[in-house]
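Input: a single structure, listed below in structure tokens.
Chains: A, B, C and D, in written order; residue numbering restarts at 1 for each.
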Amino acid sequence: MDFGLSEEQMALQDSINRYLDGQAGLEQLRRFVKDGDCRHVWDGLIELGVGSLLLPEADGGLGLAILDAALVAECLGAHVTPTPFIGSAVIAPLALRHVDPGLRSKFLSPLCDGTITAGVALSELAGARGQAEVTATDSKLSGQSLFVLDPRADIVLVATNTRALYLVEAGADGLQQLVHTTIDRTRSSGEIRLDNTPAQLISADPAVAENLLDIARVMLVADTLGAAQHMLNAAVAYAKERKQFNRVIGSFQAVKHMCAEMAAELEPCRAMMWYAAYALDELPHEARLTACHAKAHVAEAGTFVARTATEVHGGVGFTDLLGLHYWFKRIGFNRQALGAPELVREEAVKLQEAMA
Amino acid sequence: MDFGLSEEQMALQDSINRYLDGQAGLEQLRRFVKDGDCRHVWDGLIELGVGSLLLPEADGGLGLAILDAALVAECLGAHVTPTPFIGSAVIAPLALRHVDPGLRSKFLSPLCDGTITAGVALSELAGARGQAEVTATDSKLSGQSLFVLDPRADIVLVATNTRALYLVEAGADGLQQLVHTTIDRTRSSGEIRLDNTPAQLISADPAVAENLLDIARVMLVADTLGAAQHMLNAAVAYAKERKQFNRVIGSFQAVKHMCAEMAAELEPCRAMMWYAAYALDELPHEARLTACHAKAHVAEAGTFVARTATEVHGGVGFTDLLGLHYWFKRIGFNRQALGAPELVREEAVKLQEAMA
Amino acid sequence: MDLSYGSVYETFRAEVRAFLQEHGHEAPTNQRDYRSEKALAWQEQLIKQGYTARTIPKKYGGFGAEPDILKTRIIADEFAAAKVTSGIGGQGIAMLVPTLLELGSEAQRCEIIPPTLRGELFWCQGYSEPDAGSDLASLRTNAYLDGDEWVINGSKIWTSSAHFADWMFCLVRTEPDAPKHDGISFLLFRMDTPGIDVRPLHDMTETRNFNEVFFTDVRVPAGQMVGERGQGWRVANTILGHERELLGDPNVALTRLNNLIQLMRTETIDGRRVIDMPVFRDRVMRIQGKVMAMRFNDLRLLSAKINQQSAPLARMIVKLQGTELRHELEKLAIDVMGEFGLAYGDNEYLRGDGLWQWNYMYYLGLIIGGGTSQIQKNIISERGLNMPKEPRVQAKAGNA
Amino acid sequence: MDLSYGSVYETFRAEVRAFLQEHGHEAPTNQRDYRSEKALAWQEQLIKQGYTARTIPKKYGGFGAEPDILKTRIIADEFAAAKVTSGIGGQGIAMLVPTLLELGSEAQRCEIIPPTLRGELFWCQGYSEPDAGSDLASLRTNAYLDGDEWVINGSKIWTSSAHFADWMFCLVRTEPDAPKHDGISFLLFRMDTPGIDVRPLHDMTETRNFNEVFFTDVRVPAGQMVGERGQGWRVANTILGHERELLGDPNVALTRLNNLIQLMRTETIDGRRVIDMPVFRDRVMRIQGKVMAMRFNDLRLLSAKINQQSAPLARMIVKLQGTELRHELEKLAIDVMGEFGLAYGDNEYLRGDGLWQWNYMYYLGLIIGGGTSQIQKNIISERGLNMPKEPRVQAKAGNA
């Protein structure tokens, strides 16, 4: 029995963190945001092997588990790194397991070596807003999918109204790939519009798309965990330095208790993220429910931490000075993306016989 | 424009509070609870005119307003006084306005002079639990009403499944009046069972029963306000006396902030109670919605104060030493009685066109 | 208790309404337009009607009416209901003018108040400093007397309209050896005085809400001090409390609540309106209850003011509860919109001009600013509940 | 990461299950029955099997196994799942025995541990005092040495089983002039010693959970001290931390959650099941998420213990989060029941033996007791996050 990270896993996080500390610090982040170009940092992550994390060793990959990918997502969240990680390194490689070897090899190596990136258009599975809907006729897709992660990627995984999963390629007939501005400048998100667009069927089995939705959610959970832990650490560090009324503010009981409450909310989220990620590989009968609860619970805890850490920082938390708002907004993005808490809690109801 | 209490109203509260301080302090309260007999304190309140508060001056009453009755309820809550006030001094006298003078006079003077008391069986209007339901056939009532305030009173006002209002008298054929133990030992509550029991129709118009429900709710709101204010006062006083770590605990920021949060939650409840009570007399188009929101909002604030004030008291709050739990439980009772927050908020939805 | 205003006031209300109906279109449509010809003309008309600068004496350019809280409220309510700007706002008119009326010299009043009321002088406020924060009185921007001029060095932060203000009223430390509250003076100066550098303070909303202002040997005539040397803290505090109440205006919260309910009627999830989803409905009803409670609390404060009664706790809690309520309300709106709630800037799916997100963040700023919630709770417990102060830590004791 | 226990442990689990299937009926049905013949016989059998007193050396009457955290957990889990009592509990076995093993004299171990394990000596704990509260070390019950006897005067509070315990382990002040943490000693004595007066402490649950114990010239042989004079604080703290973790057991929370879901399936409002009402459903799902998080956190702690890793924050937050979670869970149950949730005592409509109300109040007591939530937050911030302590106020400084 071992419910903790292995040395390899800790080493993986160390190496990612070290790289991001050097190549994706706040100053670089501001540049990414301004230029809208994070190619450089993604290339570096690819060099670290992030692109082939989930590829079986037989195929030349690292053969790691969902949990390992989640640990990388945690590092990315901690650094609010802009990358096409979820689509390119997680969802697309896993989706491609369901297709024949020819198609698989066409996309898999370019994904692994960073030549192409992948976007994720699954949000309608979690509840469609407005008129958004994608329908399939004879392997042609039409309609609209909103809230696509990395909509301008070279390939996009798309779920239809029957919960089938398709792959469309940039430049395909009738495909529009639009990026829309959100509060989170560290993420590329937007929509795709399709009009009789040729697409590759990945699987018509709803369980495939739903499983990938669960996995993407757990990646967001890990991202929030990393971002929230960063905010808590920043708040504690700031409170130990900042003086008011001749004391460091971290000696005021009110400030101490705010930090303690953040830690108390956040700490169990770590075990919850581990378990949810582990369950996706090892405990399939628990995986869906755990992913839902992790998505909702960690979003709530993250929202609390984001707000409280900002408060501990006082006015500085509200400004751009320490860039704290990038983490605040990333947590806000993760909360809504692929199912806000109310929606996934209602999904959790439907997954349980006892609740019927 | 005057949104505040008049000198007469403050004098009314003073006189009630002075009487209760003398005759219904903690020691007397423990005796009431033990003996189950609060006759003595009710007699005293009757002498102060509480029984004829709402009776028109033309009929020899004080001709006061619902707000005045609510101010008395606030005093009773502050002292967790066990009395049949809501039924006997508020609901029954108001209900009797709807009947002919003969019937009215039969019950009104004995209510005013305390010879008889009245119970309230309206809880099914707020949502029936289990099989509870009262049906009427030819002025005979059958069925069961749960959560009756003062079920053993001499007369009981009963709402039926068509929201008609009836009056039944103790000793009537087929009537059982049962008291059931609850957490709140300062209240007599229970149920009535009816089997072809002769009853007087008060009004078949649902608006009558619903209006009385609103009024009873606002009395509970006022009761909670008084009880919660007492708990806050007690917590502040205790925090100024109790020493820990060589300081009075009221000098610890955590304790100060708990008290400040209680005050911040509770203070607007006072204006809300005033407005809700005033609206019942003067602003009929706002009265229902305001009563619902006051019932829910003050219940939530009260619950927060009850818990937090107990915490400020530390272990002593958990014990019977200062009797603080009587207030805690009274607030808990008021929260559930005649519509818990979730239910009245849903009623509030239904009252508003904008929410449809 | 009597919530009717009485016939005199209802007549007054009718007059205000009639004015708004006839002239409302003459007002600038942008509430923050303080500079255009239109804005200045509108301001002039409002003063003439007594709808702004109502109680300022005529000799200082005001309308010269006796204070009447209800009339003031009626004007505010009717202008808000008609969505017409009630004239030029800002801290000059709201804060400096009352300060000068109470503590300024006659010369200062005559020179400054009339053009300020007319909108010709627009003011910014220089109180907060980066290292002072909640401990405002520990400010360090200093001024020394050189001949008949004060020479200012230091910096201010959170200066909201510094980039378009003509003048600043400012707290500076002039008596470095006095106890911290006694060493501060209150100075007025032009923003184009040499040595003033205004830089935008970028904040999480991505809009320019605040500035930093840097002073390098800024020379100000000695006569531009309000009050005596070292009395600046008292001068500033004459009206600081007033600002805190403004942050919790329940009428604005009510407007936002109604907008939120409309939003819930239009947003859908899987084709179902959000307003038909009980979980969201319950959340908005909770907020409606809180807005009601704050509105009635506000009514109580208005009445107490009219009848010269005191309701100190009811007043002290307004900033804390009001800003929390707004933050919660805007947050619910974002949850109602789900992913649409993330839209910002030029996103074509933006709802309500992106104000939901903007307010969500801005109100977090307000929870922090103008006395953080922690400071508010200290004040409520100490001044409202008479609880003891925390034991003081001496300067440089280093015990932290 | 590997959540399987491995075949050795699964074999062990099968043995425990088989034992429970065969012998479970021999256990007393009342979990709090520590006194009956049946209870004592059951205890004897459990020790023999190694299902209790598992790691206590044989010479002190235990089973003498090597510590094995997973086996201990398997035993606990299987007994809980089978709803069979895992033997005599109480603070004697849970707290005193480990203390004696670490710090008692050989004579104390031999005399006290065996009958305690057998259930013949039942213990209560005398730590808390009315005037000490959260500041436990400021306790004032004192003992002075008179010949070879300690003479105790003072009183204790929150003594949970004083009315049926045989012995007490107790903190007393023996060195009045020493600093407060260094003046305390750890004494053991019989509860029938003359001068001891046990009175029930009435609390909000209306059941007898705690007592007050008064000492008047209670004489105790000097040899009944554990550790040296003045070391009592250290002796007590050897195991105090352990108690705090026990208060947040997520398996109990899970059982209560499942009961709550069942309750929601049976309670109705206007004929509609509560479980079909989305607002209540959302609330219970929130709690399910929290229970899950705490269960996984517990799993992490178990794993850290096995693998001798440290997870200090994960451990420190258990009491705070665990008691809050239970309070919230029981509160939801009351809201689910509405007015039925008020039923108490002999009320015929009582649901679940009235345990919902009882727990709601009792857990408020636990939030307060065993280190209030305020103290827990101090600990988390200071020891978990390395934040500075509050500046200390000196005794009798009177600055409060």
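Throughout what follows, contacts are C-beta pairs under 8 Å (C-beta built on N, C-alpha and C of every residue); 3 or more make two chains touch, one makes a residue touch a chain.
Computed from a predicted model, the values in this text were never measured in an experiment.
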| item | value |
| --- | --- |
| Maximum centroid distance from subunit A, chain identifier (CA atoms) | B |
| Which of B-C and A-B has more C-beta pairs touching across its chains | B-C |
| Intercentroid distance (Cα basis), subunit D paired with subunit A, Å | 41 |
| Between subunit A and subunit B, centroid-to-centroid distance (C-alpha), Å | 52 |
| Numbers and ranges of subunit C residues touching at least 2 other chains | 277-279, 282, 374, 377, 388, 391, 393, 397, 399-400 |
| Residues within subunit A bordering two or more other chains | 247-248, 250-255, 257, 342, 346 |
| Subunit A-facing residues of subunit D, complex | 1-6, 9, 70, 258, 261-262, 265, 275, 278, 281-282, 285-286, 288-290, 292-294, 296-297, 299-300, 302-304, 306-307, 309, 311, 313-314, 317, 320-321, 374, 376-378, 380-382, 384-391 |
| Partner subunit C, residues of subunit D touching it in the complex | 277-279, 282, 388, 391-393, 397, 399-400 |
| Complex contact set, residues of subunit B against subunit D | 123, 127-130, 146-147, 180-184, 189, 242-248, 250-252, 254-255, 307, 310-311, 314-315, 317-321, 324-325, 328-329, 332-333, 336-337, 340-343, 346 |
| Contact set on subunit A toward subunit B in their complex | 252-254, 257 |
| Residue ranges of subunit C touching subunit A (in the complex, touch as defined) | 128, 133-135, 138, 157-158, 201-204, 210, 267-271, 277, 279-280, 334-335, 338-349, 357, 361, 364-365, 367-369, 372-374, 377, 393-397, 399-400 |
